[in-house]
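Below, each structure is written out as C-alpha cells.
Each of the two complexes below includes chain A, the first together with chain B, the second together with chain C.
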Partner chain A sequence: MEPRNKQQLLNVEELTTGYAEIVAFREVNISVQHGEMVAIIGANGAGKTSLLRTITGVLRPKKGKIKFDGREIHNLPAYQIVQMGISWVQEGRAIFKRVTIEENLKVGAYHRDKKGMLSDMEITFERFPILKNRRSQLAGTLSGGEQQMLAIARALMSRPRLILLDEPSLGLAPLIVQDIYGIVSDLQSDGITILLVEQNASIALKTADRAYVMETGRIVMEGMTRDLMTDPRVQEAYLGGQR
Partner chain B sequence: MFSSYIESILIFNGIHIIMALSLYLPFSAGQISLAQAGFMAIGAYASSVMTLFWGFPFYIALFLSGLLSAMTGVLVGFPAIRIKGIYLLLLTLAFGEMVRVFFLNFEFTGGASGMGGMDLQTNFVNVYTIVAILIIFFYRLSKSRMGRAFESMREDELAAEVMGINIVKAKLLAFGVGAFIAGLGGGLYAHYVMYIDSPKFGFLLAVEFFVFVVFGGMEIFWGPIIGTTLLTLIPEVVRFLKEWRMIFYGLVIVVLMIVRPQGLIDKKLVDDITRYAKKLF
Partner chain C sequence: MLGATYSLVAIGYTLIFGILNLLHFGHGEVFMIGAFIGLQMVLLTNCHIVIAILGSMVGAALLGLIIERVSFRPIKKEYHLAPLISTIGVSIILQEIGTRIFGGDIVGFPKTIRLVIYKIGPVQVTSVHLFILAFALMLMITIHLFIHRTKVGIAMRVTAENATNASLMGINTNRIVSMTFMISSALAGAAGVLVGLVYNAVSPFMGTEMILKGFTIMLLGGLGNVMGAMIGGIILGLMEVFSVAYLASSYKDAFAFGIMIMILIFRPTGLFGTRLHEE
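This part shows the complex of A and B:
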C-alpha cells in the first residue's frame, strides 16, 4: 500500500462510539484521500452506519478524532459539518416524500446562496433527466431507484467534497443497482471523494479503489479492492465463495 | 357594520384563527404543542396588567405581551430539542397546566377571582388586520428557506439535520414565533371579553385549537384558517338543533377524519384551486 504520503481528505483516528452503554465500534482507523473511492464492507450490525453517523456529527464519539481536510470536526454540530463539505446519503434514502422533487433539492442546497442553488439545480437535472421531467411531483411518487437518485442528487446540491453513501444498493433490483453504481463512478470521475458503506460486498469491491472490512465494531482487514477480492477470507465471508 | 351577534362570532373566529396559526407554526416543523392555551394566558394576563395597572397603550401592551410569550415559548422549546412525539405532547400539556395553575394562585392578577375591567380595545378591524398580516407572513414563510427547513424537519428530522439545517435554532424559532402569535391572540381576547380567569385557559382550550388545525389540515396554513372558521361557525349555524348541536359538531369531525384524514385543505387542493383560478382570469 502506497497511501500515507498522499493528501488525505478524511482521517478517522482511534474512533470509538456507542449508544449509552453499548459500544457500536471501537478504535477504528480509516483514511480517505482526495479523489479516492473507499468502501467499508461488513455484515448487518458491524457498526458501519454508526461510523457514518459519527462522521456527520449526528453521534458524538466517546474517544478518538475525526479530521476533515486537516481540521478536527468531531465536536462540530451536524449542520456545520455539511457546510464544510461532507454530505451523507442515508440508508433507506430518507428523501422528503410529501415534498416535491424540486423542494427536496432546494433543501439539499440549504446553506448555499440562491444563485448557486438554481444553477446547480440545472446541472443536477442534466445529470438526472428523470428528475427534471418530474420536478414538481411529490418525491414519494418516485420508484425506489429514482428515489435513490434523488437522494444522491440532493446530497450533491450542497457541493460536497466528500460524499458518504450508505447502502445505495439496498432494496433495489440488480439492474437498477448497476445504474446507481454507474452514477457513483461518474461522481468519482468528477472529482468527488466517496466513502461507501455496503453489505453488497461484490459490487462495492468492483467499484471502489480501496476497502475496509468491518466486523462487530472493528476493522479487521483493509487493502486495495483488487487484493481483497482475491483474498480467500473475504471470498468466503462476503463473496459467497465455495468452501 | 354587522349585527352585534354576528360581529362577536366573527371576532371570536378571528382570535381562534390567530390561535390555530400559533399552533400551526411549530406543527409545520414537526413540533406538536398543547401549550398554546398557556401562551395565550400569558398574553392575556400580561397585556391586561400593562393596560390596566401600568397604563400602557393597547397596541404596545399587545406587542410586549407577545414578546413575553415568545420568550416563554423559547424556554419550552429547549426540552423539545431532545423530546419528540407523544412525549413532547405531554411536556407541552404539562406546561400549559402550570401556567393555568400559576395564574390561579397569582394574587397580583386577581388569583382565583380573575381579572376584569380592561377597556374594550379589540374590534373586527384590528383582529382581521392581524389575521391578514399573519396570512402574508405564512405565505412568505412557505416560500422561504426557513419554511423549507420546517417542512423537511416535519418530514424527517434526521435527514433535515444532515442537510445542514440547524435544527436547534429552527425548533426554538418555531416555538418562539408560535408563542408570540399565541400571545397576540391572548391580548386580543382579554381586551374583547374584558374579564379573564385562569380556568378558561385550560387544557380543553388547547385541545380545541388542536382540533381546528387537524380538521383544517396541517400541510398548508390555509388549513387551520378554514378549519377554524368552519368549526366556529358550524355550532352557530345549527343552533336550531339545540342540545344536539354539539353532537352534530362531533359528527362532522368524525366524518371528515374518515373521508379526509389529511384534513380539509391540503396542498393539492390549494394547487388545484390556484390553477383553476388562473384559467378563469
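This part shows the complex of A and C:
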C-alpha cells in the first residue's frame, strides 16, 4: 500500500454519504494518481454526482475518509477545498449567468492574487477565443457548448491540481462534445489530473486512462479503460447500441 | 431629495434580499439606531455632521454584524419562515432598546448646517436638502462602483445568484453574508441621520414606517436589483412630494402603499425587474 500511496493525489476510502435517511452511495473506494485521467461511469442516479458533491465539501460524508495529497479534507468547508486545488466543473455548467464572462473568470481565480489572475486570463482567452470576443457580455447569453467551455475555463483559473468534470457532454451536440473532449485531453497533457464523471460511457472510456463503474451507489468494477472496453459486461450494459 | 435617502435604505434591503432571499424586518431599526447615533454624536461632542454620519455608519455596520451573527447564522435556513420571524424579533428588541435609552419622544436635530434657501425658478431648495441629496448620491455611486468593480463586489453578486456555486469558487460565503449585512446597515445608518435632518425629528419608531417604504421601493425597482432600488427610491420620494403638493400631506403614505399594491398587481417583477428564478 505505502509506495503506491505516494503518487496518489486523491484517495477516497470507504466513503458513505446520504441525504437524511437515504443513502446516495456506500463504501466507495477510489484513487486518482498524479497526472492521471480517471473516469466514473454509470447510469443516472448511480450516485456519481453525490460523490463529487462530497469530495468538494458540499455534502458531508456519513462514514469514510477523503484525502487530497495526503491531507484529510472531508471536514473542510467547500471554499477551503477549492483553495487547496480541487476544482469542480458541475453538471449543467453552473456558470453565473447574471454576471459577465470576464467576471465569471475572475471569480474562478478568487483566492489568487491579481497579477496571476490577469496573466491567466490572457492564457484563457488564447485558448478560448470565443470567450475573449464576448468577455463583457452576460454569461447567460452563451450557447450550451460555449457555457461548457466557460465552465472549464473558469475552473482552470483557480490553477487546480485536480479537476472534477461532471457530465461535460450532457445536452451538447456530438460535434461540440468532440471539441470539449479535445480540450479535456489537452488539459491532461498540461499535467492536470482529471476525475471525469460520465453517463456517456463510450466517450469516457475512449478518453480516460482508468475507470470505475458505479451502480446504485456502489463501485462494481474498476480497471484500465482498454480492458473495460472489451469486457462483455461493460459492453452489454454501457456500450450496447453504440457500436 | 427625500427619495435619495429612501434609496439608501432600499439598497440595503435589496442587497440582503438578493443574497439571503430574506426580508430583513430589523433593517428599519438599524436605520433608527443609526439616526440616534448621529444625533448623540452631534449633541455630545458637537462634531461636524459629516463626522456624525460616518460615526453612525460605523455603529450601524457593527450592529448589522451582530444581528447577522446572533439572529441569522445560527438559524436553520430549511425553514423559510424562521429567519423572517427572527428578524421581526430583532426589530421589536431594537425598538424597545431604543425607547428605553432614548425615550419615546421625538427629538429634533440641533442646527448643524447653515440654512440657506435657494430658488431655482418656482422651486425652493434649502441647503439641508442639497446636502442630503449630495451625500446620498455619493454613497450610492460608491456602493455601485463597489459592487461592480471590486473583487468582493463580484463575490457578492455571484453569492446572490447561487451561494453553493460561489463557495465552489473558493469564496467564503459566510464572510460575504456578514459583509453584506455590514454594508447594508451602514447605508441604513447614514440614511437615518439624513432623514433625521430632513424632518428634524428622530424617534424610536421612525424605522417602522421606513421599513415598509423600503419594501415598496424594492418591489418598485425589482427584487434584488440594486440599480432599481436607487431609482425606485427617488421615484417614491418624488411621488410623495407631488401627492403632498396636489392632494394632502396626510395621504402621503396611503399614496406610497397604494403604489405598492398596484405594482404587485400589474407588474410583479418591478419596473426594472428581471426574473429571479431562471432555472
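The criterion applied here is as follows: the second predicted complex is superposed on the first by the 234 of 243 C-alpha atoms of A that agree within 3 Å, B and C clash if a C-alpha of one lies under 4 Å from a C-alpha of the other, contacts with A are read in each partner's own complex, and residues count from 1 in each chain.
Operating definition for what follows: a contact is a pair of C-beta atoms (placed from the backbone, for glycine too) under 8 Å apart; a residue touches a chain by one contact, two chains touch by 3 or more.
Bear in mind the structure is a predicted one, so any value in this text is a computation, not a measurement.
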Using the superposition on chain A, decide if chain B and chain C clash or fit. clash
By the touch definition at the top of the document, which applies to A:M224: first (chain B), second (chain C), both, or neither? neither
Scan A:G108 for contacts with chain B and chain C and give back first, second, both or neither. both
Of the partners chain B and chain C, which touch A:L170 in the superposed model: first, second, both, neither? neither
Residue overlap on chain A between the chain B interface and the chain C interface 56, 58, 77-79, 82-83, 88, 90, 94, 96-99, 103, 106-108, 110-111, 154, 158
In the complex, chain C residues that touch chain A: 151, 154-155, 157-158, 161-162, 164-173, 274, 278
Note: in the complex, chain A contacts chain B through residues 56, 58, 77-79, 82-83, 87-88, 90, 94-99, 103, 106-108, 110-111, 154, 158
Which of the residues in chain A come into contact with chain C in the complex? 56-58, 77-79, 82-83, 88, 90, 94, 96-99, 103, 106-108, 110-111, 140, 154, 158
Any idea which chain B residues touch chain A in the complex? 145, 148-149, 151-152, 155-156, 158-168, 219
